[in-house]
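What follows are several structures.
Paired with chain B in one complex and with chain C in the other, chain A is shared by the two complexes that follow.
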Partner chain A sequence: MLERCEELTRDTSLPSVRAWKERTGGVAIGFLPIYVPRELLHAQGVLPVGLMGGGEIEIIRGDAYYQSYICHLPRSTVELGLNGSLDCLDGMIFPAICDVIRNLSGMWQMMFPAKLVHYLDVPQDFDRSMGGRFYRHELGVLSQKLVEAGARPLDPDALRASIRTYNVHHGLVAELYELRRREPWRVPTAELYVMLRAGLVLPVEEHNGMLGEYLEAVRADESRRPMDQARVLLTGSFCEQPPLGLIKTLERAGCYIVDDDFVQVSRWFRHALPEDGDPVEALVEAFLDDAIPGPTRYVDEGEKGRDLIERVERAGAEGVLFCAPSFCDPALLDQPMGTAAATRAGIPWTAFKYSEDTGQFQVIREQAGTFADSIKLWSEVTTP
Partner chain B sequence: MRAAAIMPAAVPDQLTAGIDVGSATVKVALMRVGDGCGEVLVEGRSERIRRREPEVVAAGLFDDVLGAAGVERKQLDYVATTGEGELVAFRTGHFYGMTTHARGARYLEPGADACIDVGALHARAILMDARAKVLGYRMTSQCASGSGQFLENISRYLGVTMGEIGTLSLKADVPEPCSSICAVLAETDVINMVSRGISTANILKGIHLSMAGRYVKLLNSAGAKHVVLVTGGLAADVGLMAALREHAAESGASFTIRGHEHSALAGAIGAALWGAFRARKIARLGVSLEEASAGA
Partner chain C sequence: MSPQSAPAVPVSKDRSQERQKQMIVDHFERLATAEHRGEKCVYTFVPGNLTELLLSFDVAPVLPEINALQSGMRGLSRDYIAAAEKEGHSEDVCTYVKCDIGMLRSGNVGPTGKRLPDPDLLLLSYTGCFTFLKWFELLREEYDCPVTMLHVPYQADGRITDEMRRYVVNQLRKKVVPALERITGKAYDEDRLRELLARSARAEDDLVAVLESARNRPSPIDAYFGGVYYIGPIFTAFRGTQEAVDYYRELREEVDQRLRAGRGPIIPDGELEEERYRLVVEGPPNWTSFRQFWKMFTDEGAVVVASTYTKVGGVYDDGFRHDPDRPLESLAEYCLGCYTNLSLPARVNKLAGYVREYSADGFLINSVKSCNSFSAGQLMILREVENRTGRPGGFIESDLVDPRYFSGANIRNRLESYFQMIEQKRGQGAAR
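After this line comes the complex of A and B, so read on.
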């Protein structure tokens, strides 16, 4: 199962999506990080397909669209679009993450005029009468565009059913994270990561089954035993994702990653959504009140970093890895507030950057290795 | 062999192993650590990898060392790896190479404030405090001209064994200068020297001096002041050690270069000692390794 998940993560030509379309004839819509209301797409019969960039693919045409000081994800996404990898998609949703992604949505409209292209604007005012009204309207616009792209109209009962299905998914992902928090040796993050990535290109029902199977297997696997590693929280990797090799490197270097920012669409809400009542309102209210804080969501100035400290405490982490993509404005602009909060709280931290196609991990290995050593050996005062 | 214990603890003696997987050699050290015995090297060995899987060599050597000491795996409180030892599946924990060489150096030479780890692929000057905490380091760049692998290549060109290099180098009377920047240029230099009829001893001494020059620069740059222990496999090369002392004296360095019969085992010894430290730390918390890993 893990091999298949890794293959689904690596294969940017989306074979599972192509197979789904052949089987069902349905509409498949791609979306970029971080969050889109997958329940809404699912309820209209659409397969939501999470795109996390091109990984290690060679960029030929994508580089022509962006300056060298722009992150890697948009240029690899352009490359995938232009080399035909995304032909199986009937459209794309670009959530409001940063200016680069906003610009990418405009470019996409020009490059692929025959396809659905939607920039999903989201509120930064979390008052119901303002942000709530705005977001409900945005969801309506999105739903209508999906219909125009061939999806069925939104039906409240279907949306409630989709919410139930995604609540199962939410629960399984939460279970996976909780098991890793408690027994990190049972759930290596490299495995958790490919499990989550596979979920981006599979129907949610199929992924729910895989998650359940994986949880059962690792709980029963007696060969997985604890090692003496430093428990760390990894933050900053919510959009462009690190290469799998980097995650493996961090774990081999002596770190147990016990919380992270990977594939946040699976954990965007803290709790399951209400399964009765107005289902659109359930999506709106959850977005306003229950979404996890992050750099792309407005947080009052004085409160920046507080969530990080709370996460460290909840996870029982001994240190923080600030692991952000190069040139990622949201992550890197928030980082000084995070590092300051960690320093104030006496939490050890270290910071490094990556690109989705980083292939050499030696420097990061040394940095993470010495960081883990410093936690294990010097986190308490020792008497000479 | 004893060194000052750095942690007080009312816990039983610890029996720990350190496995240092290098690019050319695997080293294993078995240590006993406790209030009563101090820190004792029970057994230590090294073995060349020679185109085998490093993990396989490590497992075999580990069992050999335990066998020689009459110890079973289950008696060990901690199996610590270092170097490329993160691939050894049966480890309890892994420590980074600089951390372990610093600790091993303080064990072998308690007065050392720095060590220089000269391995097959690179050299690292490491500055540490009395607790063996790494304070700073400097490392050779990617070029292999400061490494054991380079010396091994040269010995092959010259038709001498690695074991002969040191004593031959000591016999040099007019050392021939050699490139200290680039292994490729240095190897070209050596070919020219051979064709010019320079003696093997003078070629080797020239190479030793060129390598020593790089190491002394690293040590000065790292801030070494007093005693420097040479760790890693090349510490056994008496010619290199002599060249290091000559260079340090000529450059006016304030530090003294020392070697030790177990210098090659420094990483493994350091890993075993840090393993004991962690085992005692976890024992003091009154939790199992499982509970500690779970963030208890």
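After this line comes the complex of A and C, so read on.
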């Protein structure tokens, strides 16, 4: 199963989506990080397909679209669009998270005029009567555009059913994270990561089954034993993803990653959504009140970085890895506030950047290794 | 992103330039004494600024982007940026932000050598750029004052919908106005706001007439390097004031005179004698070597006849005006309509339209490292505009206020080859 997940993560030509389309004749819509209301797409019979860049694919045409000082994800996404990998998608949704993805939505309109291209504007005002109203309207527009792309109209009962299905998904992902938090040796992050990535391209029902199976298997696997590793929280990697090799490198360098920002769409809400009542309202309210904090969401009150410290505490992490893509504005502008909060709280941290196609991990390996060693040394000194 | 307000004034000055310079000096003087006089100050951004609303509460706006570009012009930005990077701000991000943080660390001294007041309110009008959001989160850490966010949705499909307008108006009514009432202790006075908006519209009419004068041959203005002077007052603290009305009236009269006399634009060394190339420019200028940059154009006889940068603080040449009969609605439309809040296809349309309407020989993109809002997608814009207009596009790279990213020799070479390309095209046209 893990091999399949890794293959689904690597194979940017979306074989599982192609197979699904052949099987069902349904509509498949791609979306960029971080969050789209997958429940709504699912309720209209659409397969939501999460795209997180091109990984290590060779960039032939994408570079001609971007200056050197722009992150890597948009160029690989353009590459995938132009090389036909995304042909099986009937459209794309670009969520409002940064200027690069925002502008990419306009480029996509020009490059693929025959397909649905939707910029999902999400409110930065979290009052029900302002941002809430706006977002509800946005969801209506999205739903209508899906219909125009061939999806069935939105039916409240179907949406409630989809919310139930995604609640199961949410619960399983939460279980996976909780198990890793408690017993990180049972759930190596490289495995957790490919499990989540596979969920971006598979129907949720199938993925739910896989998550259940995986959880059962690792719980029963007595060969997985604790090692003397440092518990770290990894933050900053919510959009362009580090190569799998980098995640493995960090683990090999002595880190147990006990919380992270990967594939946040599966954990966007802290709690399961209400399964009765007005289902669109459930999506709206969860967005306003229950979404996880992050650099792309305005923090209107309280101390900036507080959420990071709380996460560190909840995860029982001993240190923080600030691990952001090069040239990622939201992550890198946010970082000084996170590092300051960590410093204030006396939490050790280290920072490095990557690109999705980084091939050399030696420097990061040494940095992470030294960091993990210093944490272990520190805990030996401070723990009686 | 934001416009220039008072760079070193060109040698040959018109009366309007003297007037503008004085306006800016007076404004910074006002800011320097604001705390002492008990005047409230609001930090806010140029795109989507709510100047008339602030002035209706007698609140003085402070614009961090203007401070950053002023620091760039005065040769201070290098050290400010270095100070911010030393504190852990990434070398990859917008240099306006780092310049502002560095300036804060160095005592927040404004361009007239006096300290700027601390904000009584951070008004985060969030139009056209995500960095603003992070910028004010960073500033929030520094000041003990309230913050109000105005979220302006993006015109992704190239138009303003009723819902977008309603969302912005709702926020103005329910958040921004009450926040201003709280810090000033004054009640919202819509009649006063209407008066200010009526004056804005008059100034906007004159500004558009000035910018559109560049359709003539020779153009009496440079709509990029010169344009940043022209937009200064209206993009900053003066929209809605009588001073702005007077300034734009005077400017328009001067430009009309130049036009009637068949004279070219004022440039750093005097007046452009011969207009050899007419260009449309996309992207902001570089501030650290502003004069040198401008001179690279004037040395070749190149005049910028239209630019998008002069639309970041408001697009008026499509007919939009602030409207006293719809005060909050028109403020909302203003915010929604700023250039960097337009979709890429809309930007391509605008540029291609400028090339045609201003009879340009070509268009040039100055891509600045700082600004993803402007820069991400510009290479595609380049190709699209070339395809649509058949005119050659040029591409140069620099930065706003980080001198490390301004390579004079490199840019000059690129410009020279670009002008040659235009010549070649002309030759081909003549041969046909």
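Keep in mind that, in the parts below, the second predicted complex is superposed on the first by the 376 of 384 C-alpha atoms of A that agree within 3 Å, B and C clash if a C-alpha of one lies under 4 Å from a C-alpha of the other, contacts with A are read in each partner's own complex, and residues count from 1 in each chain.
The definition used in the following text is that a contact is a pair of C-beta atoms (placed from the backbone, for glycine too) under 8 Å apart; a residue touches a chain by one contact, two chains touch by 3 or more.
Only a predicted model underlies this, so the values are computations on that prediction, with no experimental measurement involved.
For the composite obtained by overlaying on chain A, chain B and chain C can both be accommodated side by side without a clash. In the superposition on chain A, contact is made by A:Arg231 with chain B only, not with chain C. In the superposition on chain A, A:Trp378 makes contact with chain B only, while chain C stays out of contact range. Once the two complexes are overlaid on the shared chain, A:Val100 sits against chain C while remaining clear of chain B.
In the overlay built on the shared chain, the residue A:Lys304 is in contact with chain C alone; chain B does not reach it.
In the superposed model, A:Pro203 makes contact with neither chain B nor chain C. Counting residues of chain A touched by each partner, chain B versus chain C, the larger count belongs to C.
Contact with chain C, but none with chain B, is seen for A:Tyr66 once the two complexes are overlaid on the shared chain. Between the C-alpha centres of chain B and chain C, as viewed from that of chain A, the superposed structures give an angle of 100°, to the nearest 10. Once chain A of one complex is fitted onto chain A of the other, the partner contacts of A:Asp127 are limited to chain C, with no touch recorded for chain B. The overlay of the two complexes leaves chain B and chain C separated by a minimum Cα distance of 20 Å. Chain A uses no single residue to touch chain B in one structure and chain C in the other.
In the complex of the two chains, the chain A residues touching chain B come out as 181-185, 226-229, 231, 252-254, 256, 258, 315-318, 366, 369-370, 372-373, 376-378, 380, 382-384. The touching residues of chain A, when paired with chain C in their complex, are 64-67, 69-70, 74, 96-100, 102-107, 109-111, 118-119, 121, 123-125, 127, 129-131, 133-134, 137, 295-296, 298-300, 304, 326-330, 332-337, 339-340, 353. Those residues of chain B that touch chain A in the complex are listed here as 6-8, 78, 86-87, 91-96, 98-99, 130-131, 133-134, 274, 277-278, 281-282, 289-290, 292-295. By the touch criterion given at the top, residues 87-90, 92-94, 97, 124, 126, 129-131, 133-135, 137-138, 140-141, 147, 149, 151, 153-154, 156-157, 163-164, 166-167, 170-171, 174-175, 343-348, 367, 369, 372-373, 375-380, 384, 397 of chain C touch chain A in their complex.
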